[in-house]
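The same subunit A turns up in both complexes below, where it pairs with subunit B and then with subunit C.
Showing the complex of A and B:
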């Protein structure tokens, strides 16, 4: 156990080192990269993946996966927009947010029930859910945009508290709670135990099914939280919101050192990886490599992932006898 | 570490081990019967609501949409049979399509362009195969990384610009017919028969199932696991390149967004067809049924209600419900 935890921590340091080096490197090339305003923008842009990655870390530690978070965020954005926008339902903002949070948790719960009690592989359940939610979203939005979010809702996206954006406060609270759950509570330890050996955990009397329900519901709920603090920032809600987010978040968790077969990984690692991946696109702008370089963004992102995964694989192979 | 491997044969015991490779059975499996019933129901509904949908002309016309997915589903079935997965097929299609467009723009002969395209697709697949088989990265992770990387390279090389205006001799490949049957369909049939023969008449099918059930045991029993995996992923890349050629020929345009979301459609079809995502169990017949069911559902919903988004809901539900039915009906799965 000590070797495993040391390894996992080592991985966090790797990601942290890569992040710091990237930021300092780009900062040397272009000093305006290191201004508080720019770094703040990067942090704010990383909020959705940071928040969802906290939930998904637990899911993957438990040996499951959830690839429905991208289309869930898209659907929640549409629902929230249509409830609150004056040209649609025009209901109160509090109701819109409550419905969003409940719906997110409910969809997560359905995923959890299908996985835990339907005995289905989670990749199938959430692949199906991804498709269904996308379909519902497209049906609801019906080819139109929502552009007139009420100011009270937009406050959650652009408002500040003590000079720091609401979304950053929220992300900070979520991250702290997630770390606390993972490290200090019996619940967290049970998730790790069940992830590293489900059969042994079951025989030891741990409620493995209940834990599955919990992690999927939590991820659905956190996706809704991410929607509430990130979507109002957008001036326009269309069918493209949340597209590809599932792959980005899974990537964050994996790059952050969580083992895809469960049992090993930390919230801190996922959060650092989420920050690292959000630095890439502003980095390309600040390096002033010309307009065509933005087309290479995804290639560079892919290369980062490959390097991180390979580095982890090669270093951990030496320690672990697999 | 060792407990996981010791558990494996106990947990993932085949439902009927005496049958040997599930690929060899002639009778349809439970999942396949469910699919056949659903398909019959769908076609019956289609006949009742709109008889024109079932005429051969309409069906052949609509079938042009399915061949790329069907082709990629063949190697995907074999990969999932070994408990692997290839998420990068859509991006490989994009990379191949962009290669084709750019080499055509560089005034290379069309045959050379096509060969280059296949070579790039094959290389992309080989890189996946290398990571999965020799570096032993989890296939989900390896192909997730190349999913981003290949699409990114396609976008970077093409700068998001489309290439079009290919000669008729090439577009015929995607649009033409031979004896009234679409050429891509004939290509698919050739591959289906060839791959089907390989997995049923050669030991290959048995080997793939063995790898899927218990890779360690397969290694110890002398199966060249790494080599087989490497070539499986390479063939998946090659097939994605072929699908990209057919797609470009059909649409007469090559762009970096070709094949977006293809991986999810293909995996849905394979899993719907009864191939276990944990490997070991599955066959091509089921995949053909899965592809057929998805295709007919999509086309009928578009035909009848002209709403493409309804399709997504129906197909997602089909996937969840059919796997749920299989899981609840089987006495002791997992």
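Showing the complex of A and C:
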């Protein structure tokens, strides 16, 4: 019982095992899957969801949710492109990146203020934000796609440092910092405590509202970081950037073992789940199951959520039963 | 005379105009175990909340070492050394003991980095001091209740607390765990910590306390050294007032049994509950909070499923765990928490009244507005509900009128058995009397009524018979002639010798 429940709670081990088995399994079926180039591509593709999942883990641990990250990334892509593209504003790349990061953090802050001080459910706040950002994005783009990003910006998407893509370095730093915050800082422990029992947190004098501001702002900022290292990879910025990303990231966090009711979960779990979900699409291609099979990607992602939440529910039920 | 460690001066607090605490003053010496007693609703919890900074009192002050502390701020109270050990609510059950002890004031290595080794070391030292062996890394949800409580005490100790407020700390502990807790309390006392100890168990108070303060109806009755009071004195001081506030009318009870409950048992809540209700009879169900009264009601009504035993209405057994059958057979329950369980607050007064009959007032397959209107008008008149119109939202009404509405919701289906759980909690005196009148009128019309109430005068005034529950069993039955507050309390308080 204790070993079983411990294992069930240590979801990151299950996710890691599943990830390793998938990679080895697909590799056996098709050796070209295991080439360094292919695995590297998969890692690079996973960067946006890995980075944003780090922030969203804190949000969900605190018992809230943010589903505006996909359309936020889309808007930030447009803003960054229009500031730096020579055919648009043509301003400096440094300015473009600075504005992107600030805007991301600012919109996260607005989400946080509405949730913490407006006392609205975060699912509604961020659903509204999702729609608002989408609308602004479409207005800004105005049907004209951005196709000519300056090389200095594209460096953040395709450039390398010591033979490893900039985006991977960035993701690694973000993940390490997020783990550090979660495990080794008073801030992190307070987020877990407040998510575990908000009333007790209040009685212990914890600044619960301040924590909410922090997690939403952090998630907005990390969405901007993800935009900076992933968007310049694209040749074209259109209105479809970031679409559906919010669901993917929520899936990562939940599959990674974070309890949707708060208080429980790890950054490591979310990151491993993000990698696992990034493997699905290439897996379907490399298994050569036919052209239409890639459409199954979304269905498989969805099934992962259901299984993860069910597992969560069953383990917590067993607890109450004792 | 020297200044006492802590002095409470004229503390008053009211919630939405209802006075919970009026002008309470007393003091606590350093190293004293001070018991705080009173009936349910006497103001103990409010006093604790004011002391620990959870709520801000309307008037009065708390002095520590002679100087007043800023009210209504948990952190200020904590840094003054005042710490409340609330029952279970303060635990972070997903997290381990170390985090639970230090969260909010974590030792740091740098401005933003936890000093984990030091946390571990200090937590271990605290546990050693308490003489407890607990796996400090385990999430609290995997520990026993007693162990969780030790973690709570360790948290208090880590604050260098000078006053530890313990609210019914033994409520869920076994006799042995209670003894361990007492040992720790005495040890803390020796180290100079004061304890404000809240308990319903007289034995515990006599065993531990140096002095006892008694509250009644939000007011201070007396503070006395424990050597100067007997068990009977304490009960009398807690109950205090004139025994029967109003003359109760003649009983309307008939001989026809409407509801019969036979050996009803639900694991962990109550066992072997047997009683019957006759038409026109009002039966009171008394006992302390947590004795299992509401749970019995919930099982009769089918909200919970009893493990064994039967409930019969006019000879026919009810299907266990089915609210629908219970309603169909004519049982109605007005729950304790009317805001959450009894009413749909944002809906209109009329909609609330019609909730229980939805589906039955119709012409053909459609709702009949005319029939609904007639029903609502009649109910509002009968129940003396003061509402601007049937269309206003239920949450705009006063507590008393909401309660009448919760009652009226059921009367629309003319039940045979009415179960009222704390019908007048948070209701002002005027509305209280009106609710009593409604209950008495219903009884005269043949309703069998079960009233659950912690308000002893209320239960004495309304009931033809009184059943008293203690720790999940019926500990006695009193006829109207036998019943008085002392007799009820004697049956409701835990048997002597449990703690010793």
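Simple rule for what comes next: the second predicted complex is superposed on the first by the 294 of 322 C-alpha atoms of A that agree within 3 Å, B and C clash if a C-alpha of one lies under 4 Å from a C-alpha of the other, contacts with A are read in each partner's own complex, and residues count from 1 in each chain.
In this text, a contact is a pair of C-beta atoms (placed from the backbone, for glycine too) under 8 Å apart; a residue touches a chain by one contact, two chains touch by 3 or more.
Since we're looking at a predicted model, the values are computed, not measured.
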On the A-aligned overlay, A:200 touches which partner chain: subunit B = first, subunit C = second, or both, or neither? both
Between subunit B (first) and subunit C (second), which does A:95 come into contact with in this model arrangement: first, second, both, or neither? neither
Considering only touches as defined above, state whether A:289 meets subunit B (first), subunit C (second), both or neither. neither
Thinking of the overlay built on chain A, is A:185 touched by subunit B (first), by subunit C (second), by both, or by neither? second
Touching A:17, do we find subunit B (first), subunit C (second), both, or neither? neither
Hey, is it subunit B or subunit C that touches more of subunit A? B
Would you sort A:125 into first (subunit B), second (subunit C), both or neither based on which partner it touches? first
Thinking of the overlay built on chain A, is A:309 touched by subunit B (first), by subunit C (second), by both, or by neither? first
Quick check on the superposed pair: does A:301 touch subunit B, subunit C, both, or neither? Answer first, second, both or neither. first
If you lay the two complexes on top of each other, which residues of subunit A touch subunit B in one and subunit C in the other? 197, 199-200
Provide the residue numbers of subunit C that touch subunit A in the complex, in ascending order. 52, 54, 74-75, 78, 84, 86, 89-95, 99-100, 103-104, 106, 108, 112-114, 116, 141-142
Within the complex, which stretch of subunit A touches subunit B? 65, 114, 118-121, 123-125, 127-136, 138-139, 197, 199-200, 247, 250-251, 254, 260-261, 292, 295-303, 305-306, 309-310, 313-314, 320-322
Quick check on the complex: what are the subunit B residues that touch subunit A? 1, 3-4, 7, 11, 131, 135-138, 140-142, 144-153, 155-156, 158-160, 264, 267-268, 271, 277-278, 307-317, 319-320, 323-324, 327-328, 333-334
Subunit A residues touching subunit C - in the complex, by the definition given at the top: 2, 184-187, 189-190, 192-193, 195-197, 199-206, 259, 263-264, 319
